[in-house]
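Which chain is which? They are A, B, C and D, in the order written, and residues in each are numbered from 1.
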Amino acid sequence: MIIKIKKDADATNVDRLKKHLESKGFDLEVSQGVSHQVIGVIGNTLSYDINSLYGFDCVEEVIRIQEPFKEVTSSEKLVKVGDVVFGGNTIPIIAGPCAIESKEQVMEIAKTLKKMGVKLLRGGAYKARTSPYSFQGLGKEALSILKEVKDETGLLIVCEITSTSQIKDFENVDLIQVGARNMQNFELLKELGKLDKPILLKRGFANTVEEWIMSAEYIITAGNPNVIMCERGIRTFETYSRNTLDIAGIIAIQKLTSLPVIADPSHAAGRWDLVNGLALGSVAAGADGLLIEVHSTPEKALSDGAQSLKIERFKSLYKSLKAVAVSVGRKI
Amino acid sequence: MIIKIKKDADATNVDRLKKHLESKGFDLEVSQGVSHQVIGVIGNTLSYDINSLYGFDCVEEVIRIQEPFKEVTSSEKLVKVGDVVFGGNTIPIIAGPCAIESKEQVMEIAKTLKKMGVKLLRGGAYKARTSPYSFQGLGKEALSILKEVKDETGLLIVCEITSTSQIKDFENVDLIQVGARNMQNFELLKELGKLDKPILLKRGFANTVEEWIMSAEYIITAGNPNVIMCERGIRTFETYSRNTLDIAGIIAIQKLTSLPVIADPSHAAGRWDLVNGLALGSVAAGADGLLIEVHSTPEKALSDGAQSLKIERFKSLYKSLKAVAVSVGRKI
Amino acid sequence: MIIKIKKDADATNVDRLKKHLESKGFDLEVSQGVSHQVIGVIGNTLSYDINSLYGFDCVEEVIRIQEPFKEVTSSEKLVKVGDVVFGGNTIPIIAGPCAIESKEQVMEIAKTLKKMGVKLLRGGAYKARTSPYSFQGLGKEALSILKEVKDETGLLIVCEITSTSQIKDFENVDLIQVGARNMQNFELLKELGKLDKPILLKRGFANTVEEWIMSAEYIITAGNPNVIMCERGIRTFETYSRNTLDIAGIIAIQKLTSLPVIADPSHAAGRWDLVNGLALGSVAAGADGLLIEVHSTPEKALSDGAQSLKIERFKSLYKSLKAVAVSVGRKI
Amino acid sequence: MIIKIKKDADATNVDRLKKHLESKGFDLEVSQGVSHQVIGVIGNTLSYDINSLYGFDCVEEVIRIQEPFKEVTSSEKLVKVGDVVFGGNTIPIIAGPCAIESKEQVMEIAKTLKKMGVKLLRGGAYKARTSPYSFQGLGKEALSILKEVKDETGLLIVCEITSTSQIKDFENVDLIQVGARNMQNFELLKELGKLDKPILLKRGFANTVEEWIMSAEYIITAGNPNVIMCERGIRTFETYSRNTLDIAGIIAIQKLTSLPVIADPSHAAGRWDLVNGLALGSVAAGADGLLIEVHSTPEKALSDGAQSLKIERFKSLYKSLKAVAVSVGRKI
C-alpha cells in the first residue's frame, strides 16, 4: 500500500506511524514528491485493516495496491449445476416465476420452458419483501412443489435462501440463490461456503463491484468454489427503470475474477417492457447466462408481476437471444 | 391508488383491469383528463401488491395514495432503554468503540464515558466486515466483556446483532442494534419483533426513507413497538466522506412516523475529522440522539479506526453538543 | 394532475386551493379515499408550474398525469446528417479522437475510418475540461482542420459546441454536439433551436430521462426538429467504470419519444477495455447509432486517452458490431 | 503520482512508459511490492493529463498524489460583498424570492427583510428551468427592478447569471451567482474570472467536491479571487427531499480550500417544511452563510413556490438561527 502524508504532519507522529508499520512486519520505502511525502509499504496487506492507519493524525490517504481478494481470481472458471455448465461457450437461461404460488402455476410454466429447451427453473419460496403486508412466499411448501416439478420435468431448480435456518430444506435445490439484500449477510455466506452446492450470488443494489467480489471471497474461503455471480441492476437517481443494469459490472467481474457472471434483466428493469433490450444487450456484452422472470398470468402474480414476461413474449425473446448469442460466437 | 391508463390502451384490457379490481373489493372512479384516462381505486391497499397491476398491458402507471405503513405512525413516541428516554427533550448520546477488542480496552473507555455523564456504551461483538480477512469480532466473548463492564459501571449496553441465531446471547444487551447491511434482513426483523427489548434500526446505506420505515413496520407488526431509528449516511457518488449524512431523512422520519430518530455521524463520515460538524449539525436539525465512535487509540483499532474520535476530542465535542442542544431548546 | 390532500388539512386552505385551481381554468373532481382526500385536476398542465401548489399548506403531494413534453413525441423519426440517416434500419457509427490536436493526427485517423466505411468523424475543438490546467482544445483552428479533412475525405463532421458565441464558426460542422455538461445550458439550447442543422444532444451524467427529453423539447419548440439523443452513462456510486451506461435509458427514449437515440460507450466506460462490451450491448439493445473514440496513439492523446480505442482494436470491434447488428435485424 | 503496473504487463510496454515519463521531465522511483510493480513519478503534475497514461497497456491504475488545484488554497479567506464579509465570525443570510415577478412583489419582501436586519436580497432574473414551458424569468426587466429596490432599501443584490452575454447587464448586482447547472459551464467561469465582482459558485447537483473546487480554480486563475462556495444538495436515490444536502461537503471545502462556503437549504430540500432543520444544521456544522428562499405568497410563485418560506416562518427561523450561531461561537 501507499500512504500519503499530510503536508503539515508532525514529524513525531510520522515516526510513530513508521515504527507501527515496521512492527507489523512491513518494509517501508519513503519518497518525497513535489507536494507530499509518500510512504510505500511493502508486504502482504490482504488481512490487514488498512483504514486503521487513518487513526494516525499524519495520514492524509491510504491507497491500496494489492487487491483485497485472492481466491476469486483462481477459482473455478466453469461452474456446473447438474449437467449445465456456466462460464463456457453455451449460455444457460434460468427462467420462471418470481414466487411459487401453487403447483398448478409452476407446473404449467415448467412444462412450457422444458419444451423450449430451457433447463433451469427459478421460483421463490421465501420472498424478501419491502413490506410486511406483502406475500412472503409459501416457504417449505414451495420447496416441496419445486421438488415435485423437478421430479416430473427433470428441470434443475434455482431458489433463493434468506436465512441460515433454511439451509437444511434446500437439499433438492440445484442452485442456491443469495438475493441482493443478502449479499452482505456474512453469516449466511459463511454457512453457504460449507456446502458443496453451487451458489448464485446476486449483487446488492448498492454494492460496488469490489464489495460484490469480496462476498464471493467469503463463500470461497469458507470452502465452496462454485460461485456464479449475477448482476441485477444498481440503485441510481433514475426512476424510469427500477434499477440501472450495470453492464460494465459484468465485464468487470470477467476481468477481475475467474467466476462466471450472468445478468438478471427482469429485476434491473422492474417492468417487463424493458426486459428484451436488457437481455439482448447483456448477451452481446458477454454475459455467461440470464435469469428471467416468466409468468403465465403476470397480472395475477403475488409478487413482481410488473416485470414478468408472459410466456409468448418470452418465447419471442428466446428466439432473438439465440441469434445474438451466435453473432458473438456463442450459443444458447 | 390511482391508475393512469395508456393512451393507446385496448378497451378490452381496460375492462379486464376494472373487473379484476372490483373482484378485489375496490370501488372505482373513472375520470378522463386531457391526455389520459385515470382510474381512482378506493379501498385499503395496505396489503395489496399494487405493482402486480403492471401485468395489465393497459396500465401506464400505478400511483399509491395510501401510505404503505401504519403501525409506525401510532407507535411509541418515547422509547425507553433502561432509564434513558429517546424521543423526549433530553438527547441521549451513545458512545464507544466500533468493536470490543479486550476487557481492558473497553473498561478504560467505559469509565471515562461514565465520568462524563454518558449513559450508553456501544461496542461490537459480531462485526459485519466487507472482507473475510478482516477482524470479525470476538462474538460471545465480547458479550461477556460487555456484561462485566455493565456490572461494574452501570452503563447501558448497545450492541449489533447480525443473525437470528445470536438472539439468545443478547440477554444483557439493553438496546439491540440492527446494522445498515441487515436493515432488510427480514427474517431477523421478524424475530426481533418478538422481543420486548428496544431495537436500534439503522438505515441501509442505499435504502429510501420509505423502505427504512417499512423495516420498522416489520418489527412493530411482529409485536415490538420499541424501535429507535438511526440515520447513518447514504451511498452517493461523493467519495470525500464515506457516506452522505441525510439530515432531511432525520426530519422525514419525524414527519412520517412517531418514532425517535438519532444520527450516527461516525459511520456517515468514515473519517474522524468530519464527525464534529455532522454531530453538531444533526442535533441542531432535531436529531433525538447520537451514536459516536470513541476509541482510546484509534490507530490500533481492529475495526473502523479511521472514524473513531480520541477521548480528548470526544470530550471537546461533548461540550459543544451541550451548547447546541440548549440553543434549540433541548439538553444533553 | 392529481393532488393528494394532507389528512389534517385545514378546510379553509383546501377551499382556497380549489378556488385557485378553478381560477386557472381547471375542472376539479374531488374524491375521498380510505386514507386521503384526492383532487383530480382536469385541464392542460403543460405550461403550468405544478410545484407552486406545494405553497398551499393542505397539499401533501402533486402528481403529474399529463407528460411534461409534447413536441418530442411527434418530431422527426428519421434525422438526416448529410446523406446519413439516424433512426432507420442502418446504424451509423461516429468515430474519431476526443480532441483535434493537429491536422496530421486527424487526417490519418480520418483516412483509415473512411476506408473502413465509417461516414462520420468526431473531433473536439472546444473541450469542456474539469481542470483549467488541462488542454482546452484548439478552438477555431480545430474547426479549420476539420473543414480541410472534410474537403479531402468527404467525411461528415461531428463537433461539440460549448457556448452560443461559437455558433457562427460551426458552419462546416454537419452535426453539432451538445455535451453532457451543457445539456441544461438552456440559453445554448434555445439558440441551437434556431438553426436548421441536426443536433446531437448528450444526456447529462446526472440527469433523468425526463429532464433529457425536456432539453430536446427546448430545441424543438425553438424551431429545430432534428435532434438525435445520445446516452453516455450516468454518475453512480460505482467507480470501476467512469459512468454507468444506462441501456434502459436508450429504450426509454424510444418508448417516450420519436427521436433517434445513440450510445457513447467510450465516455460511459472511461477506459478502453470496457468499450467493446458496452458497444455491442448497446446495438443489441436497440441503439440507433454509436459514438466511439478512436485515436492512433492514445497514450499521447491530450484528452481522454484512457478511453480511446487504438485503430486496430476499433477495426476488430467494427467487425463484431456488424455481426450483432445483423442478429437483431439491422445493419451497419 | 503513483502508477500501478499490471501483473502480466509486457516489459517493452513498461519501458516505453518509463521513457515517455522521463521525456516529460519526471523522475521515477520504481518499487516492487508483493503483488505489483509500482512506479512513483516525481514532478509537478498540475497541468499534466494523468489519464492519458491509461493509453499504455501496462498501466493498471494511475493514482494522483498532488492535489489538482492550487489557487483555492491560498485565495482570499474573507470575501466582501459591499460591506458584508463572508468567511468571518458573522454569518450573513441571503434571502428573497426565487424569481423576480414584479416590483411590488420584491419591494414588499425587501422591506421586510431590511427591517429584520437581513442585508442581502436574492431574486432571479434569468431562470434555468427544466421545461421550456415554465416561466423563464423577466430578464433585463428583473435587473431594473432589482436596481430600484437596491436604491430604495440599500439591500445588496444577489442574482444568477446563465450566459456570458448577460454579463454587461449585471453591473448593479453585488454578488453574481453561478447556478448548479452552470457549475461546469467553463466558458462562463472564464469570463466571470475577468470581473472584480464576487462570485457565488453553487455546487452542481451531481458534482464531486473536487470538481466543484476545480470550477472555483477556473475563476481564480482567470483573475478573480473573490469566490464564495454554495452547497445546495446533491442528487441521490432518495426522493423525499429533492436533493440531499451534503454537510460533509461544506466541511470539506473548509478543509481543502481557504474559500468561504455557505448552504442553500431551500434548493436542497425542494419543500419548505424541511428548510428549518437543514438551515439550523448547516449553521451548527460551520457554514459561513445561508441562502434561503422567502416569498410573501409561495402558492402564487411563478417558480419554486414549493420550497419558499412564508415571511412569518422565515422570521421564526431567523430567530432560531441566531441562537444556534451563538451556540457555536458565531453570530448572525
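Basically, a contact is a pair of C-beta atoms (placed from the backbone, for glycine too) under 8 Å apart; a residue touches a chain by one contact, two chains touch by 3 or more.
Here the structure is a predicted model, which means the values were calculated and not measured.
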item	value
Pair exhibiting more inter-chain C-beta contacts, B-D or C-D	C-D
Chain separated most widely from chain B, comparing mean CA positions	C
Centre-of-Cα separation between chain D and chain A, whole angstrom	38
Where chain C and chain D are represented by their mean Cα positions, the distance between them in whole Å	25
For chain B paired with chain D, centre-to-centre distance based on mean C-alpha positions, whole Å	31
Where chain A touches two or more other chains at once, by residue number	206, 235-237, 239
Contacting residues of chain C [partner chain D, same complex]	17, 20, 46-47, 49, 51-56, 68-69, 126, 128-136, 162-165, 181-182, 184-188, 190, 204-206, 211, 214, 217-218, 221-222, 235, 271-272, 295, 297-308
In the complex, chain D residues that touch chain B	206, 208-210, 234, 236-241, 244-252, 255, 268-269, 273-274, 277-278, 280-286, 320, 323-324, 326-328
Touching residues on chain A, where the partner in the complex is chain D	2, 4, 29, 31-36, 38, 40, 42-44, 63, 65-67, 235-237, 239
